[in-house]
Amino acid sequence: MTRTCQEIAAYSERLYYDLEFGSCKAWKEDGGGHCVGYMPVYAPREVIHAAGAMPVGIVGAGDWLEVIRGDAYYQSYLCHIPRSTVDLAVTGRLEFLDGMLFPSTCDVIRNLSGMWQMLRPETYSRYVDVPQNFDPEIGGRFWEHELRELARELGEVTGTEVTDARLRASIKLFDENRAVVNEMYALRRDQPHRAPTSEVYLVLRAGNVVDVETHTALVREYIDTAKATDRPDMDNSRVVIVGTFCEQPPLGLIKSIERSGCFVVDDDMLLVSRWFTADPAPDGDPFGALARAFVDHTVPTAVMYSPTSGRGKALVERVRRARAEGVIFAAPSFCVPALLDQPMLVAELDREGIPYTAFKYSENTGQFGPIREQTGTFADTMKLWSAA
Amino acid sequence: MKCFVGIDLGSTTSKAVVLDEDGRILGRGITNSRSNYELASAVARTEAYVTSRFTIFGRELDERLASHPSSDRERVAEALRRSFRLQQYLRQLDTLEAFVHEELENRRYASVRDEAAPRLVTVLAQLRDVATRHFAAGAKRKSDFFRDLAGADFQEAAEEHSDPILAPFGMLVSLYDKAILRVENEQLELGFEANIGPALERALDEGDVGLRDPARLAAEAAAAAPLDEVRAVGTGYGRARLPFPRDQIRSEILCHGLGAHAMFPNTRTVLDIGGQDTKAIQVDSAGIVTGFQMNDRCAAGCGRYLGYIADEMNLGLHELGPLAQKSTRRVRISSTCTVFAGAELRERLALGERREDILAGLHRSIVLRAMSLLARSGGVDDEFTFTGGVANNAAAVDALRALVAENYGERTLNISPDSIYTGALGAALFALRDVQHGSLVEVAA
Amino acid sequence: MAPRRPDVDPTAAVKDRSMQRQKELIASYYDRLAAVPETGEKTVATFVPGNLTELLLSFDIVPILPEINALQSGMRQKSAGYINEAERMGHSEDVCTYVKCDVGMLAGGNIGPTGKILPAADMLLLSYTGCFTFMKWFELLREEYKCPTVFLQTPYQARGEVTPEMRQYMIEQLKKVVIPSLEQLTGKKFDIDRLREALTLSARAEDDLVAVLESAKHRPSPIDSYFGGVYYIGPIFTAFRGTQEGCDYYAMLRKEVEQRIADGRGPTTPEGDLEDERFRLVVEGPPNWTNFREFWKMFYDEGAVVVASTYTKVGGLYDRGFRHDPSDPLGTLADYCLGCYTNLSLPKRVELLSDYVNEYEADGFLINSVKSCASFSAGQLLILREVEERTGRAGGFIESDLVDPRYFSGANIKNRIESYLQMVDQKRSAGVTS
């Protein structure tokens, strides 16, 4: 029996709304063993997988959890994702996790790693300090050591030693996953009416809570179905969304942008799934290969240092590649990396004459009216410009 | 009799409580806060002394009429209280009338003065007639504040007696607006001693003649009772503006904690949602504050937010709760930002959501904010006392009860009908404790 | 709120000789910066946490410290305008006001806090220690200065310890990235002996600074470790670590403080010595700079003395034993960067605060949570709870900002501080009677 795009999206949406992480628990009970959570923006999922654990992407609780206790830990001028994440933890919803990784995304996530040590002292957690020095001999070496330490510790948690062979196999699985995700993005770029972002996002997001092979198959199924399904094309404006790499926009917001007349043809949501711009070397030492891929092939994003002022140019490049007409800066309120990055990106877009618009959201934003208004006007304006 | 006074200068109302030396409440007074904090505190204090003397009056009457059934005594006391309120009201009306006519002397009214003056006399006469009805037995008043009662009556009478050209309604009302501000900022003699005489005469004319002498004697005794104010302590939002020495000022957190403890001795957690701020307070078995949290600088989720919503929906503040309780399908509201309240509301209404469902969501979102503050302050312990204006809102109470049960299990929830006096009561208790614990070097006059 | 005159120096009423000297040092530093166009000295902009002052001095480089510029602008009531300018240029209301103050100052002609034009940086040394925003800050500045930017990543002490690999990573970066870049900038060869000399002087000043900070263990405390503390750390956090002038200043300060102890005097305040020490507090978080004196007054008016603070440790935790060590020049710089307060894990910060409360016999601790600074602020409410639990002492919580006056609500903060101190007092007397 084959599923329609809508059915695949509906399945993914059930996963999306499941704050009890039923899919992960089921996987554990089926003999899968362990689950290790990770927060945005980047975590070496290959290493988690090689230790016999399912990497589980934790990105807050969206707009369907009333955050009470989590709010008690955070002042009003901090973003929302740590509140809902802490809420998930203190309400016991993350008990199934055997470990938790906190990548060096920003000071809020960094400090959350320390809070975790105090809130959940009984479970394994680690701060993942990615290198900001991209010299293979300096940052690369440091990172390789970090990866080995992580592997050793995860091995102790799961009882499965991360051998070179296992890691190599895991890298291959994630390479395949990344390839199929990139293919889905390419499909959306080329035929956005066949692969609306409200669906693509849900299918992508399912990768947070199912194992990598299942996810690869899911994305494949979606691509094949979407290609085979006729849907009416629309005269929408093509936009790239920037700033959504950590705290996720609510689904309603994504839908609002689309309904206001935009095709989202590229974005930076859940970047971990497309982190490497080229695969790690398939042979040789797999730790070295992963480390090298990181220093050589990391996707440009606000949380990574840019040794040259190249990130604005990289955005322009992305816009061109996606044949987009404009950029929507959608940053979570109080998101330091996204908001501090924005003026530099804006300056480059100005130089290139690429139109943009900007707004802030939080994962539990309930009001889409003003945003719909704004992006709708933006879409219309771009149409006028391109017609002129 | 030695007395101890607590005064709580809030952002919307000012309250005073008088205690005797055993810590029993003698009297309470409340007034709307105004720009002049000093006056607001004086008015509230006068009111508290008035009710104190009525307490004494009751005791005196009990002694003199010990053989009579208590219902008789209560009837006399009740009649006298009503008569006294009427007396105070009429005094304020006199002042209002004088000020209205003074305002009319302004040059800008020269062309309408001759037409307006007699009409104002008629309007004020009508206000006096209505006044007796406000204070008749069994009458229900919409407010206890002069400005509200007189304002509504004035509008009604002015509408009747205005003339679109000769004496327009708007002009009459603007005269009232100017005059009422002056009335509120005038120190009027509204105390017990000055007003009990005429009040008693009026009450006796209507009441049980057989009790005339004991009532008169009791009233005289109450007026003459020496109330010796040993110490006063001030608290509340405007406390820094009180003309008190520094050691007679206490933070409202401490006063609220102690006041709640006095009302409900098993209190361990106090939540106060007032107009401009929300406080979560933890107290120990003696009413000593062990921790507290207040909302941050924005007023999101405070009582004021409900005020905006009421305005936006064109409803009275007291109507919100009952309407919200009719909801069958609560709408989720994520923002309690006062600035966006109107926009959010309009969007929801435009989406076809029902008013009661939106209101239910709004009440829950306010209580959610309070829940976070409670969690931050250390949770909700048994017993849990809820104070402040929002504690009078049944929908907010329902939401709070449900969320507390969900998050902390069963808790005894205390809400006192007098919760508005919690801070003032705590302050008065501090005044008493200061003296009892001998921490005072000198006794304030 | 008391009316503020814009150009009143916050230290005006403070009479101590060391205070005078401190002012002279900071003024001379700004004069030296202003004179760069004439002297031709090389400048490198860098951050206070993880600063490499000795290394820069060994190359005769003058450091430019944007954080210090911002806080000075805040104290001199200039930050509001700069922040406004930056927001007008498109910077978000949500982000760090130090950054916006700096960006705004640059946009307005880079006129420094003393009114003289600051030189453009010849290089940005991005000492990435304990604060994510640093990285974005210098990426932004790089767009303006178009000068080389050198990145020095300090790994985070997530588990409260420095591993050999973390240290090695730092040393590698110093050797292969930082030093060659400085050599190239100045045309000078790295001189390890000059570095050693500076490190020796640093350690000497650090000894004296620690003696000053720990003097607060006396009753009454001769110093205020927060409001006074920010003056004491001024020289060593800026351009004077590793200099003879710095050494002399700290020797003088130490003597003065020892004399205060001998005389039984309390700490100095803008209104004279504090005579009645009623509360001993530990404070976590940076101060507010725009209303610094108003804020300070809220404490000393109540007889509250800060006996220990974490803010004075952002430029190094000397009181926990670290000293710059001339025998291992690069290793010691690595250790220094790794050990700054904001590079510590939250459990370590809880431990440090609890230790301070106990060692300094504090009545309580207060957190000033600053909107700008997530590195400090994120998690402070948990820190509050944990320290309360560990010490049994009451914690207080107030909110403000570094240099954005819009986020300093005087009445609100005063209300909380008063409530807090009254609570401490009540608890204390209840403890005595029961």
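For clarity, chains are labelled A, B and C in written order, and residue numbers in each chain start from 1.
In this section, a contact is a pair of C-beta atoms (placed from the backbone, for glycine too) under 8 Å apart; a residue touches a chain by one contact, two chains touch by 3 or more.
Here the structure is a predicted model, which is why all the values come from computation and not from measurement.
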Centre-most chain [mean C-alpha coordinates]:
C
Determine which of the two chain pairs, A-B or A-C, is joined by the larger number of C-beta pairs in contact.
A-C
Where the centres are mean C-alpha positions, what is the separation of chain B from chain C, in Å?
48
Separation of mean Cα positions, chain B and chain A [Å, integer]:
54
Whole-Å gap between the CA centroids of chain A and chain C
36
Among chain A residues, those touching two or more other chains are 72-73, 75
For chain B, residues contacting two or more additional chains:
296, 376
Residue numbers in chain C touching two or more further chains are 381, 399
Per the touch rule, the chain B residues reaching chain A in their complex are 296, 298, 332-335, 340, 343-344, 347, 368-369, 371-376, 403, 407
Please output the residues of chain B touching chain C within their complex, sorted ascending.
240, 250-254, 284, 286, 288-294, 296-297, 376, 378
Chain A residues touching chain C - in the complex, by the definition given at the top
72-75, 77-78, 82, 102, 104, 106-108, 110-115, 117-119, 126-127, 129, 131-133, 135, 137-139, 141-142, 145-146, 302, 305-307, 309, 331, 333-337, 339-344, 346-347, 360
What part of chain C is in contact with chain A in the complex they form?
89-92, 94-96, 99, 126, 128, 131-133, 135-137, 139-140, 142-143, 149, 151, 153, 155-156, 158-159, 165, 168-169, 172-173, 176-177, 345-350, 369, 371, 374-375, 377-382, 386, 399
For a test of understanding, state which residues of chain C touch chain B in their complex under the given definition.
381, 385, 388, 394-395, 397, 399, 407, 409, 411-412, 414-416, 418-419, 422-423, 426-427, 430, 434
